[in-house]
Amino acid sequence: MERSRALPYLLIAPATIFLIALFVIPLVQTVVLAFVDDGAWSLTNFRKMVGDLNFGLSLRNTFLLVLVVVPLQVACALLMGVMLQKLDKGRDLVLWIWTIPLGVSDLAAGLVWLAIFQDRGYLNTLLAAFGVIDGPTNWLSYESPGSMFLAVALAEIWRATAIVLVILVAGLQLIPKEYGEAAEIFGASPWTRFRKITLPLLKPSIQSALILRTVLAFEVFAVVYALSGRNFPVLVGEAYAWQHVNQNNGVAAAYAILVMAISLAATLAYIRALRVNPETQP
Amino acid sequence: MSVGLRRVVLWSGVVTLCLWVLVPIYLIALGAFGGRAGVFRWPKSLLPWDATLASMQTFLAVEGVGRAAVNGALVAALTMLLSLALGAPAGYALARYAFRGANLFRLLVILTRAFPLAILALPLTVTFIRVGLYDTPLGVALVHTALALPFAALVSASLFMGIPRELEEAAWVFGCSRLQAFRKVVLPLALPGLAAAAIFAFVISWNEVFAASVLTVRNKTLTAYLLTVLAESPLHYRFAGGFLLILPSIVFIFAVRKYLFAMWGVSNK
Amino acid sequence: MKPIAAWLAGAALAAIWTTAGLAQDVIFLSTQLRPVEEATKVRQVILKGVGPVTYAVEEPSPFQTRMDAETQAGKRTISLVGALHGELQPLVNSKGLSPVDDLSAKAKERGVPDALMALGKLGGEQQMYIPWMQATYIMAAHKSALAHLPAGADVNTLTYDQLKAWAKAVQEKTGKRALGFPAGPKGLMARFFQGYLYPSYTGGVVSTFKSADAEAMWTAFKDLWQHVNPNSTSYDFMQEPLMAGEVLIAFDHVARLKEALNAAPNDFVTFPAPAGPKGRGFMPVIAGLGIPPGAPNRAAAAGLIEHLLKPETQVAMARELGFFPVVKAELPSDLPGGVKLLVEGVAKTQTAKDALPSLLPVGLGAKGGEFNKVYMDTFQRIVLRGEAPRAALDAQAATLAAIITETKAPCWAPDKASNGPCPIN
């Protein structure tokens, strides 16, 4: 029994040591940087951050994006996962196609969607062909915040739904088919089966997917910059701007700490809300 | 709804979603092979009229691309191995045991992704220079492992949770040791999911630019080597570079897709 | 697993082997001349035959991180750095550069002007970098836009009012807002305010920051902005929107216009930026060469600087890459079409009767970035968000004053020289 109690700790030890060396130590150094000004403890950097022109805007934009994109992605991925299960042939091919965006870097994804939405882009070509617009029209400037947001959200959904999909598919395929078959015999409708059997059994995967995706969504940056420049400020973008453009690492660290705090809160919320007890799983 | 109609709905949904993914990829390819002229054409042509290999060739002819490609693949492979080796055991522990500190560990893993890496680059680079990991593929792979570990740990945790513990316990009853039971019963079932984690690791490493460029001087990965110069290159080069970098990921995902689905037949019947 | 392991071992061996083969060379790290074609030219033309040099390029942000990291760790891999004045400046505070006084005599002998050498001292006593190449900002326009020039206006002696009338006319005739500025995240718009708009309207940059002239200037610029392509806040380089025909008239750094001019030298004209009530402000762009303290191969780096300052190397840089010599060198007449346009634009800027040269900021140390932010934020508030110029200027002036107080930077041209920190009147 003694051995079995130590076992989980032995299993997580390598990863923990690794993360302490590569993440926690530099993190502490950076956090210190954020709370120091001229060699003394101070909140100057945080004051500078909150007083910045783009602070409120970037906070609002980041949340808006996360709240719109993440639920859509999970819903989309669930739908895709269920569709895959129903396919009797071509599953391999379809899954491969759907996971291709996984391999697309931020930069390339930004480029593609820029090519679509820019003035002389593919979207306008299509709209002009159908006579909706007369010539190049602007979708991505500070004058059209609505369409700019839509473009950013679409690009993010395109780029990052595959991550959720793969996690959910990995979970879906472990749900024994007999459960569903049994329910079907008792006359449960497909919707009921999905709600009463698939969803609860998929909870661990959904939790992982939600946590990872939300944390990554708060880090959103490259695609936003590619599509909108500074017109749609987001938190991590501001952190980078402070570090590289304004060359003030202290304020950059303050932004990064804020992002981390938000992610931490979201993760805790998910862990609470989607509590999974290892003992009750099949 | 009749069975026939249901099939039509299902397949049209599948095809629509496939197009949603593929059309943008096609557009990158169009840009990559479209050359200078194609990029600025209005209205845009949806067919490859201006196809030329010129921008691609320029890329492949850049000095040091071959070396960078080898480095990139090496770093990605190391990342894959390291993140699975560290992440899978942790995932197993999270899935099978309710132990004090489990949630704390979960948080630690997640937080790795919650802090923008570029902000940590300075202290990390200083350490790497001091311990001699600067400008080595292993150094880059270590940082990439930190980025990929959350995926490896959490994905494998949710996987192991989905594998009935009765199976494992049955194996113990039949005289298997814990390790044997794991190897003979759990691992084969978890393999496809682990393949998914491996894909994440590979792709994360392949596409990561900032750490890869700060931590290396001579031993740049292909992505760092090309992307750092790309941002200021003319658009058709950017498309060509973007497309060139997507290709290995797509091929890699294609190559391991069978692991992803190897288990449909077993667990679902 | 076995084939993967074998493959890995092979790849590792290959990597170690290739590293060993290159360990003796000199590393020249540059934030300039990064695009694929340009870096290739540097490697194959400019650095040909000077011995084993690795020319590595990096964006400004990883460049700063790397230099700081090597300083803090006390171990160098880089022997020579090439970067813009503004990117080298923070390295002085973080101890990333060592004095190169021993090389300055030779540079002066080659004819590097005193004003440029003085910039290379970065506000201190010692020479911290040797000027490498220079450029400036000009305007370029598609020839089709020339037809809409307002009556009596000469494109080479435009005023801001005429530019506005021109952009307005183009908009009325073509239906598009055809004037463009590089106000994107990586664009150099801050330099437009510091070197062009402010000097032209107020005769200063810092001391006149919130003056009545400045208030009038922002009001006029906001007026002009109605005719500016709204995508400007995403443009980093004007060459692409010019090539795409998205804008017809643009202001930018010469190196960032070059691609468009090279692609269609017959379609474009180049000319100086407009003049305001106080003259025609213009600002140089200087890239410099520096040697980090403890560079692994200082001698070779000094030799490289010597090579890069040779008149023939400098002429080759102009011909191949569109950057201008800092030394005395005669540019040949058979330059490629795009470069020729750049040379014309720069010459017209420098010889304009009302030319008002501005210097790059000196003495700001690591605050150069925040200094730029003051001007960009003012622009955001007044032009993009419609705040009243007076209130916005007063608020931003406080931030500017804090930066100047902290760095104790004295005024630089065109502001009048000051004893002590530059005052904001």
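Read from first to last, the chains carry the letters A, B and C; within each, the first residue is number 1.
Just so it is clear, a contact is a pair of C-beta atoms (placed from the backbone, for glycine too) under 8 Å apart; a residue touches a chain by one contact, two chains touch by 3 or more.
Everything numeric here is computed off the predicted structure, so don't read it as measured data.
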item	value
Chain contact topology (line, ring, star, complete or other)	complete
Centroid-based (C-alpha) most distant chain relative to subunit B	C
Chain pair whose interface holds the most contacting C-beta pairs	A-B
Inter-chain centre distance, subunit B versus subunit C - centres from mean C-alpha coordinates, in Å	37
Interchain centroid distance [CA atoms averaged], subunit A/subunit B, Å	15
Per-residue overlap in subunit A, given as positions that touch at least 2 other chains	120, 136, 240, 243-244
Touching two or more other chains - residues of subunit B	40, 42, 118, 122, 127, 230-231
Contacts with 2+ other chains: residues of subunit C	61, 244-245
Of all residues in subunit C, those that touch subunit B in their complex	4, 7-8, 11-12, 14-15, 18-19, 22, 27, 29, 34-37, 39-40, 43, 54, 56-59, 61-62, 65-66, 68-70, 72-73, 75, 77-78, 186, 237, 239-240, 243-245, 259, 263
Residue ranges of subunit C in contact with subunit A within the complex	60-61, 64, 90, 175-176, 184-185, 230-231, 233-236, 244-246, 366-370, 372-373, 377, 380-381, 384
Contact set on subunit B toward subunit C in their complex	36, 39-40, 42, 58-59, 62-63, 67, 70-71, 73-74, 77-78, 81, 118, 121-122, 125-127, 129-130, 134-135, 137, 210, 213-214, 217-219, 228-235, 237
For the subunit A and subunit C complex, residues of the former touching the latter	53, 118-120, 135-136, 138, 140-143, 225, 228-231, 240-241, 243-248
List of subunit B residues in touch with subunit A within their complex	10, 13-14, 17-18, 20-22, 24-25, 27-28, 31, 40-44, 46, 85-87, 89-90, 92-99, 101-103, 105-116, 118-120, 122-124, 127, 142-143, 145-146, 149-151, 153-155, 157-159, 161-166, 189, 192-193, 196, 199-200, 203, 206-207, 209, 223, 227, 230-231, 238-239, 242-243, 245-246, 248-250, 252-254, 257-258, 260-261, 263-264, 267-269
